[in-house]
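As written, the chains take the letters A, B, C and D, and residue 1 is the first residue of each chain.
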Amino acid sequence: MPDTSPTKWHLAHMTWFFETFVLEQYEHNFKPFDPAFRVLFNSYYQDIGERHPRPQRGLITRPALDEVRRYRTNVDERMAALLSRCADDPAFDEVVTLGLHHEQQHQELLLTDIKHLLWFNPMHAAYAKRWPIGAVSPGPLQWLACAGGMFEMGYDATHDGTFCFDNETPSHPSYLQPFEFASRPVTNGEFENFMADGGYHRPELWLSMGWDWVCAAQRTAPLYWHHDGKQRRQHTLQGDVGTDPHTPACHLSFFEADAYARWAGARLPTEAEWEFAARRLRQPARGQHNFADRGALHPLPPAPSEADEPVQMFGDVREWTQSNYNPYPGYQPLPGAVGEYNGKFMCNQFVLRGGSCATPAGHVRASYRNFFPPDAQWQFSGLRLARDAASP
Amino acid sequence: MPDTSPTKWHLAHMTWFFETFVLEQYEHNFKPFDPAFRVLFNSYYQDIGERHPRPQRGLITRPALDEVRRYRTNVDERMAALLSRCADDPAFDEVVTLGLHHEQQHQELLLTDIKHLLWFNPMHAAYAKRWPIGAVSPGPLQWLACAGGMFEMGYDATHDGTFCFDNETPSHPSYLQPFEFASRPVTNGEFENFMADGGYHRPELWLSMGWDWVCAAQRTAPLYWHHDGKQRRQHTLQGDVGTDPHTPACHLSFFEADAYARWAGARLPTEAEWEFAARRLRQPARGQHNFADRGALHPLPPAPSEADEPVQMFGDVREWTQSNYNPYPGYQPLPGAVGEYNGKFMCNQFVLRGGSCATPAGHVRASYRNFFPPDAQWQFSGLRLARDAASP
Amino acid sequence: MPDTSPTKWHLAHMTWFFETFVLEQYEHNFKPFDPAFRVLFNSYYQDIGERHPRPQRGLITRPALDEVRRYRTNVDERMAALLSRCADDPAFDEVVTLGLHHEQQHQELLLTDIKHLLWFNPMHAAYAKRWPIGAVSPGPLQWLACAGGMFEMGYDATHDGTFCFDNETPSHPSYLQPFEFASRPVTNGEFENFMADGGYHRPELWLSMGWDWVCAAQRTAPLYWHHDGKQRRQHTLQGDVGTDPHTPACHLSFFEADAYARWAGARLPTEAEWEFAARRLRQPARGQHNFADRGALHPLPPAPSEADEPVQMFGDVREWTQSNYNPYPGYQPLPGAVGEYNGKFMCNQFVLRGGSCATPAGHVRASYRNFFPPDAQWQFSGLRLARDAASP
Amino acid sequence: MPDTSPTKWHLAHMTWFFETFVLEQYEHNFKPFDPAFRVLFNSYYQDIGERHPRPQRGLITRPALDEVRRYRTNVDERMAALLSRCADDPAFDEVVTLGLHHEQQHQELLLTDIKHLLWFNPMHAAYAKRWPIGAVSPGPLQWLACAGGMFEMGYDATHDGTFCFDNETPSHPSYLQPFEFASRPVTNGEFENFMADGGYHRPELWLSMGWDWVCAAQRTAPLYWHHDGKQRRQHTLQGDVGTDPHTPACHLSFFEADAYARWAGARLPTEAEWEFAARRLRQPARGQHNFADRGALHPLPPAPSEADEPVQMFGDVREWTQSNYNPYPGYQPLPGAVGEYNGKFMCNQFVLRGGSCATPAGHVRASYRNFFPPDAQWQFSGLRLARDAASP
């Protein structure tokens, strides 16, 4: 699949970021580890010059993994030297911090890309072996009322930590009508009801472009689902397992999430609604969230909860919103090549919120915006329902 | 091009709408004019059953034009009979009105599709011959300050006439930050400055997907522009003419409009900003606008104006906004097959506002939302700049 | 389909040939009827300059049919004048004769392209209405022994008439091993046996490329065959009719012909074998052959025959051979643009022999070579079996 | 490129052949090394069941190389045991011999696929480092007269060794007209003359399909040629080097070979002509031919020769012929799955003769037929000219 990259490429690219945007700027007598790497491991920065074509990343047999590891060690050592020398330079600090968050993003992609690659391998290999996860029923979905009104949307240094990407800025007033918000994501069991009700065979449930997508590949289930003749099964990073009805549904495209919501008589939330709800959580993005560090590497059923607030807002599955990925009012990309990071992708992509079970802990926050095209499935992407408040 | 349809198909499809959604529901002893037409002239209504594939419309040699004209006359006569009988039925009234507005939409498509077809014909045929249009300089662009704040967005029966499409509803409060709005659309002359400054060769001016679009087809000018070795020329419905620097630029894709705006240090307006500005006009959508009925069938330079309000908001060129085509809060599609009219296309399309020189007079209003994918060029699509208000 | 052209285009192109290759060379003060037609109606002659792209022929709304008819009348009149003046010029005579044979080829394409266009029209229109054809059983297939040995292959002015295309020359000695040749083409009934025996579902019967072709479009029957729930039916120029088991099977691709032959324990003949057999007929290409002039416009069951020689060698269906379309030893294309007629297509095409029910009478001969890519189906293409002679 | 495979896949596939066609048939209590390998390393044998899709071979990260090596060792050991036990079984002997020749074929593909992969790597890695090769001028091309007439074509156990593939059989009489045959392959220097004369820009030199191929990818030189601003250079298995004018030209498609021959006023030989010439060599396929075992892994200039017979018929470059890859008269594929080896590819491919610098010594013979589609370039494919004998 052209959207995925080999593990070796990810490893080298993360290091390339530090070499290109830090070492090259701050080191005296900078010399590249290997001049060819500048082209080979550039992802999409036009400003940096020529790039190796993305779909050909899989063809790169050299440098071998050993050489990439030497590259990483070399750059790490040089970074360590710079870190002590430049500690007081705010611009240095800013780009190093950006590089660390960039590395976290690729840590997630590493996992989703490996999962995708193993899926095409008839060996049915597992990346890790910690399954099974005890079955827990999350109980019925609750609808939580949200008052809406004016609220401040976007990155907020007081509550969101010390770093954000440029696409989360500037914070700005936003107006919301009253809405209702689901207490938890949609589960496998609920999604199977949609399938049993002919969900993949009823054009009236789908966007026009989504229906074309269903027909073109004759889709009848989410990515990684298959049927062994007896039961539905799911390819996971822990191997091939039966589908657990209580686990949040994942590897859904935007099209599937949108069709499910229409079938359920609801809709996807806007990203403003999602952020509004996230900002009112008593414990945002903390506690025992199911991030990559926990090691499950798969969404889990939510722990029983008494609270009348949404659960699983962070971790488990990224949640599709109905919002296109657009600039905030007053948005300015960063100057220079690092400004190519976010703004230029603001077309035909939809925003997902909240991170997933493959996201490093500490990487996301209430203002964090992830984005993918509507047919992307290989991320841990699920959905949470919303609906307009009933008229009083 | 798969997006365009033959004239004969448009003529039959407009009549098909009345036969299928009116005659079939209201006529006693309804019998179709020809059962095969139900499939042949269905555009995209899944609820109505099987459709003839869109890209094959050009292959339909039968029915011949004469037969299509008989079809139109037959349905027109039967509609006339129903009109007197069912005049007091509000549901009847509603679907007939929808059919009339549907017909107006296809009147515009008829013109843009004919223009596109003639472009591929080395005969350089003209659809009409009323050129040349006297050259008038529109004067420099003015920036008009707009205060923003809360305003009511969407169809308003008091000011917007007696009809609207479902995608203009419901009206709802929307919040805007202060912004500045260009007094008129971008002209050919201004767009040529962008080209002369390397606009089509500088990736930093384009969205990533837009740059791919430029490279894939090696684009260096808007659609219908060519160069005869001496000067730039433009294919129009009035024949092949030199590019007039004072005319609004048109046949731009969203990608081109967006790149121009970035080059100009500005941005595209949101559709809320556009509607906010349109609602404050002293004479919205009236007077001497350049709609299809005027016969120019090409955008014209604006008449000199003393007013400090935007000109050419209606007619001349549809104006790209930066807003994706999404449902309004609380949006509900119409029930039944006519509900397939709008909602299911809400993906990967951008909103254009204000109608064009090919739009029938009386068809558009301040709340009217047109939408096309970001690479569409064959409509009379241009742009108007906006920018954030300077900090006080 | 990109291989077919509109009727209007064929009409104009046949005239274009005479205007370009005759009038332009021989008329004093030659002036083109319309300079744009030179591009518009050039099929593939690189030497003549720019061409209008083939897949866009269907987009040409102008010139209208009336104008094309005026074009034909005009060129016909000027040709008539030249014919009396240049009658004694052998070069003139040669190119006019070539133009006439070229026109005959397009007469056949006119019919096959119309048939293809009507197939995509849900109106089920018929081109002509002379059906039904009386059912006649052709009796079982006979195997006729052919001795082979050395024979002279290629155009022979003594027996093949006064004209040939360059690809039939030079005649040359060819050696054949003994073989057996089927007395008649394969019939619909026989082909249905192949289908009933799983023919379209058994990869071992197909060439690798043919199997890919079957799978890509999920083919299960010849082109123009369908099933109305009760019986197999066939789209013909005479309308939609049931499949007659005694009629030669047609609209087969090379892949289908080759797979059928393998299933039948036989093979396709080489073009040398076909020509060898045709040269030994007592009445080659004369008598009551089913050519276009007969008006059936569909293959017919053979009349009962006592003779121990093959029937239906000419007319009815063009017969696929196993021979690639290659140059004969010593082949030289004609000089100039008309030399582009044949030679440059000698790649990835297979030879068919004998003409069809859509071929003008008098157009084909024993040395005539028709050629199409292996997936082409829209010609009246069938097959006749051959096999190696049993060892003595 | 979909035609190439990873090294790891080749290594496993060669072993898979022995496991599937030998061990599974002859071992008592056969158990597969790993059942998944049956699918994973099947190339194209439909009879063996499901296959892993070819373009996805590059995605297989598991089994890792170590596991593949264990697979090879395991099967080698089991083969050794069988070899002593079944030595007297002719059927066993036959399939093992086939497996050895199959392995030789993949040894060549291993090299050409590695070369292709390194070409896409901006690291400019070399597979081996034995360059430079001393420059030797081969002297002018000589035309050698061949009398033609009847000769016996195809595998001949007396002269061609103890093994052949089924497509070389049965031997059969073939008739040739007198022809002339070039003393050596076309060189880089000669091919550069073709380029300098506008070879890639003159449609009249190309087959129609070849010209489309040139235009589609804007080709202006053979594969692996580039220009560093100062001189023409060539990617080789020995690294990136300047183009040597005396070396045989290689990595030509059939289209390029055919166009060159037309430009040179000659043509490609038929495969019968090539074999006729090869059978008359005094030292066929022996002596100091440049096969893979010599280690150059690139074509070399011919050593000076006094003989009036063609040089470099074997090794250096495979030579395109004008002959399609078709069955010989009386051809029968082997029974069972191994019969899928050759016959089913007999469509839209052209024959090459003589092996190359990447072919294992001892693998080819005068009757050996290699075949590729006309656009294939990644083999060491060149050409030798032929022409019709001048009339006496």
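The definition used in the following text is that a contact is a pair of C-beta atoms (placed from the backbone, for glycine too) under 8 Å apart; a residue touches a chain by one contact, two chains touch by 3 or more.
Values in this document were obtained by computation on a predicted structure and should not be read as measured data.
Listed here as common contacts of chain C and chain D: no chain. Under the contact definition stated at the top, no chain borders both chain A and chain B. In whole angstrom, the spacing between the mean C-alpha positions of chain B and chain D is 58. Centre-to-centre separation of chain B and chain C, using mean CA positions: 47 Å. In chain D, there is no position where the chain touches two or more neighbouring chains simultaneously. Chain A makes touch with chain B in their complex at residues 44, 46-47, 150, 172-175, 177, 203-204, 206-211, 254-255, 267, 322-324, 326-327, 329-330, 340, 344-348, 374, 388.
Within the complex, the chain A residues that touch chain D are 34, 36, 39-40, 52, 56, 58-63, 117-118, 120-125.
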